[in-house]
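Structures follow.
Both complexes below contain chain A, partnered by chain B and then by chain C.
On to the complex of A and B.
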């Protein structure tokens, strides 16, 4: 059974005050515009896509850190779409998030050991002295040794990689069933990314945890995720098993993401597809296929007029003219 | 033709916690029209080395010895005023975060025109604004955007503006310090392509600072690998990538996630050293799987080897 089921999820941000409303100049930012997927127990799904495609918003929605505008979220068999905060509180320890902004996620004045221990106390799982002992074990576990020394440090006394280990330790101390990891390695040296990802993979195995890995880097997705969902302007445009997608992309946007990933391999036979321009403003989503203004293959009126639906089974794609293998 | 020659450069930061050598005995040359990338882990001294060239070291950073010969003149002995004149006109600089280098309260046209006037490359504000708008066009931004404020542009567009400002006075050398680190892959690929085409069109030399060796591999002519304040290997990009001589270069390549190679979870063991107390002998030896006795005791000297330079005891 799936741990998480998401159906036609939407988040619209309304921008503008009362005056704007009277003058009818409110903007509706369609950050997430109908997203559907399932996540199995112990499975990792990567959400990939350009900046502004709606990845973070999707991640926050499924954890109910944002109020959805529409759709349905079922967590471990329970519909949590409209669940009240009081009830959600009981579920919170089972769903954790690693935030995109590494500076926002740790209190600069708090000892990092205490930051790791805190969730245990807040959720009534342990007393401070027990929590402290568990936090020390956790520090050891994420490779911050000697743990006693690291426990007392402040975030500023850590390197970027060490700080991210603390953030992971804090998210893992409650042994969650679901982790949304939002760009956990994008601010870290390329050569150190794998060690952080490995740490997440170890926890995932140990807790049989499900993971949503948000990243714009397909090379990162490939290391951790069994499946990939490619997002563009608030919608999933392609989804399927990771290696399969990487070898045979069906959506031109997926192909463009693959082509943009730098490689060290000389003369790699990577696709040459390049897309111009920038992602559209989500308050003015293009007609028809929302990717059409940037798509090098779109030359028919169909792409401009008709929105392609997601089709397929284990591999799904929303494109009128999917790439053939 | 050599445009830039760095000779035995040493740079220190002296703080309350002690002295730290961020660049140690660095030597490099950069030819006219050539693209050299400097790669290495965070804290290895890449930015310090690059920023010392146009005199942009942040205090308490100080060049303690060595020379930086640019077009025949030693930049280390120039006054602040002389260096300011060279920046922008002969050496352009692009930083990682365009928001911190743009004034949020002034239009980008205003800021570009001011830089042009400063170097007396235009006779009037109007002419300067025209130059600014042409410079924007050259980086793929409509010229009328001179009227925009920085926050009205996307991150990728702001970085293009920074590039336009850095190259509008046709410098001989462009130094770009992690210009795409804050951007997503598609914008990154477009910015890198822009830099490459500007380099070729203007015959300009480029020094790119990055921690992503794959990014460097796609655009560079030469590459220098830094580890713990030292340049451990330098050479033509293809040779270094296909046949890395230094074990650190090899490890760096192996640890970089890459879509086009077999999937691996390889990581370099251990952590980079604290530059206040670097290991004795070869600085990489505690993490090196090829280390042998001399590595612990003696510092390796840079050795020339088939057009490359490597500092490792494996090569004498």
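On to the complex of A and C.
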């Protein structure tokens, strides 16, 4: 059974104050516009796409850190779409999040050891002295040694990579079933990235944890994820096994993303045309296929008029003219 | 371990180099000086502040400063130096009590308002803004006259005046922190609101609260002097700086400068002390406070 089922998930942000409302200038930003996927136990799904494609919003919706506008989220058989925060709190230890910015995700005034130990105490799983011992083990585990020394440091005394290790330790001390990692290494020094991803993979194996890896970097997706979902303007446009997608993209947008990172799959087919322009304004989503203004293969009728649906089973794509393998 | 948590910031206050260091230290010296005077008043004061301190024939006219009376006497023959000493007790009592009251009310409300936003925030903000829109001294006089003259009543009046200052600063900080990634991360960890507010947001507003405490107390000293000036803090013949200022007004016109000079100087110095602490801390934190 799947650990997480997401069905037609939507998040619309209404932008505009009272004056805008009176002047009817309100904009509806469709950050996530109907996303459906399943995540098995112990599986990793990478959400890839440009910034503005709605990957982070999707990740936060899944954890109910944002209120969904529509759709359904089922976590381990329980529908959490409209669950009250009080009840949700009991589930939260089982689903954790790691943020992109390790400089912003820790309380600047708290010793990092205490920050790691605290979740255990807050959730009544341990006393402070037990939690302290576990936190020290955790510090050791994520490579911050000597643990006793690191325990007493403040975030400001750590590098970005070290802080991210603290954040990981804090999330992992609760032994979650699901981890949403939002670009966990994009702000980390390149030299540290692999070791931090490896660390996540170790924990994943140990806890049989499912993971949603949000990234714009296909190399990261390839390293950690069994499946990839490519997002464009709030929708999944292609989803399937990672190697399959990277070697044989069906959607023109996927092809373009791969072309933009040419070194990772050296023998991948080079696209004949590159996409032009930038991702569209999510408050003014293009008609028909939302990718058509940038698509090198779009025709002048069907692509503009009719929105393509996702088709396929293990390998799905939303395109009127998918690239042939 | 516990002790070091308290002592380390104090030690670092003296050791480290930072903007505003001399301000904080000077301010501390002034405030501690007056606190010492207040505590030791009965031992230092050469005379009873509410008893005749000169022979009756000299009591008809204020006596200028001399070895016996370093700050002279007033027109009833009370020793000004002793009155200043005892007066510092009233001022410090009123101002510290009022500041602690304001803090105890303004900080929790600011935390709640900033964290929950929405309706609670709007209602509280309107109440606080309406208090804030009054000129402080007028509001304090109004409340104090209703309650009647006593140091505690004066403290209550001042507390009401300064609640909005704490509220606004803490609310602003809380609002900013609530939207920060680290607080969202705590929510995702499943922390109850109480823990997030008290253990994580409150300590991060502490520096701001200290700044407001310093600047607020400085302002409160002036307002307190205003209240006493109108006889709303102590009743005759009890000593109080603002009250003595009022009593000395006529003397000043007749050339007896000392009955008004020393109480005025004391008010100014103590207010300066608190203001220096507040400003220094704010500079240390590189904080820009809204000052009206």
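Everything that follows uses one rule, which is that the second predicted complex is superposed on the first by the 314 of 325 C-alpha atoms of A that agree within 3 Å, B and C clash if a C-alpha of one lies under 4 Å from a C-alpha of the other, contacts with A are read in each partner's own complex, and residues count from 1 in each chain.
The rule is short, and it goes like this: a residue touches a chain if its C-beta (ideal position, glycine included) is under 8 Å from a C-beta of that chain, and two chains touch if they have at least 3 such contacts.
Fair warning: this is a prediction, and the values are worked out from it, not measured in the lab.
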_Under the superposition described at the top, does placing chain B and chain C together on chain A give a clash or a fit?_
fit
*From the CA centre of chain A, what is the angle out to the CA centres of chain B and chain C, nearest 10°?*
80
_With both complexes overlaid on chain A, does A:122 touch chain B (first), chain C (second), both or neither?_
second
_Partner chain(s) touched by A:223 [first = chain B, second = chain C, both, neither]_ = first
*Check the residue A:109 against both partner chains and state whether it touches chain B (first), chain C (second), both, or neither.*
second
*asked:* Contact-wise, after the overlay, does A:190 reach chain B, chain C, both or neither (first, second, both, neither)?
replied: first
*Touching A:92 in the superposition: chain B (first), chain C (second), both, neither?*
second
_Once chain A of both complexes is superposed, is A:14 in touch with chain B (first), chain C (second), both, or neither?_
neither
*Between chain B (first) and chain C (second), which, if any, makes contact with A:260: first, second, both or neither?*
first
*When the two structures are overlaid on chain A, which partner does A:174 contact: first (chain B), second (chain C), both, or neither?*
second
*In the superposition, chain B vs chain C on chain A residues touched*: B
*Look at the superposition and give the distance in whole angstrom between the closest pair of CA atoms, one from chain B and one from chain C.*
11
*Contact footprint of chain C on chain A as seen in their complex*: 63, 65, 88-93, 95-97, 99, 101, 104-110, 118-119, 122-123, 167, 170-171, 174
*Residue ranges of chain C in contact with chain A within the complex*: 180-182, 184-192, 195, 199-200, 203-204
*Which of the residues in chain B end up touching chain A in this complex?*
41-43, 154-157, 183-190, 192-193, 211-215, 217-218, 238, 241-242, 251-253, 255-261, 263-268
*Which residues of chain A touch chain B in the complex?*
50-51, 159-161, 188-195, 197-198, 201, 216-220, 222-223, 246, 256-266, 268-270, 274-276, 278
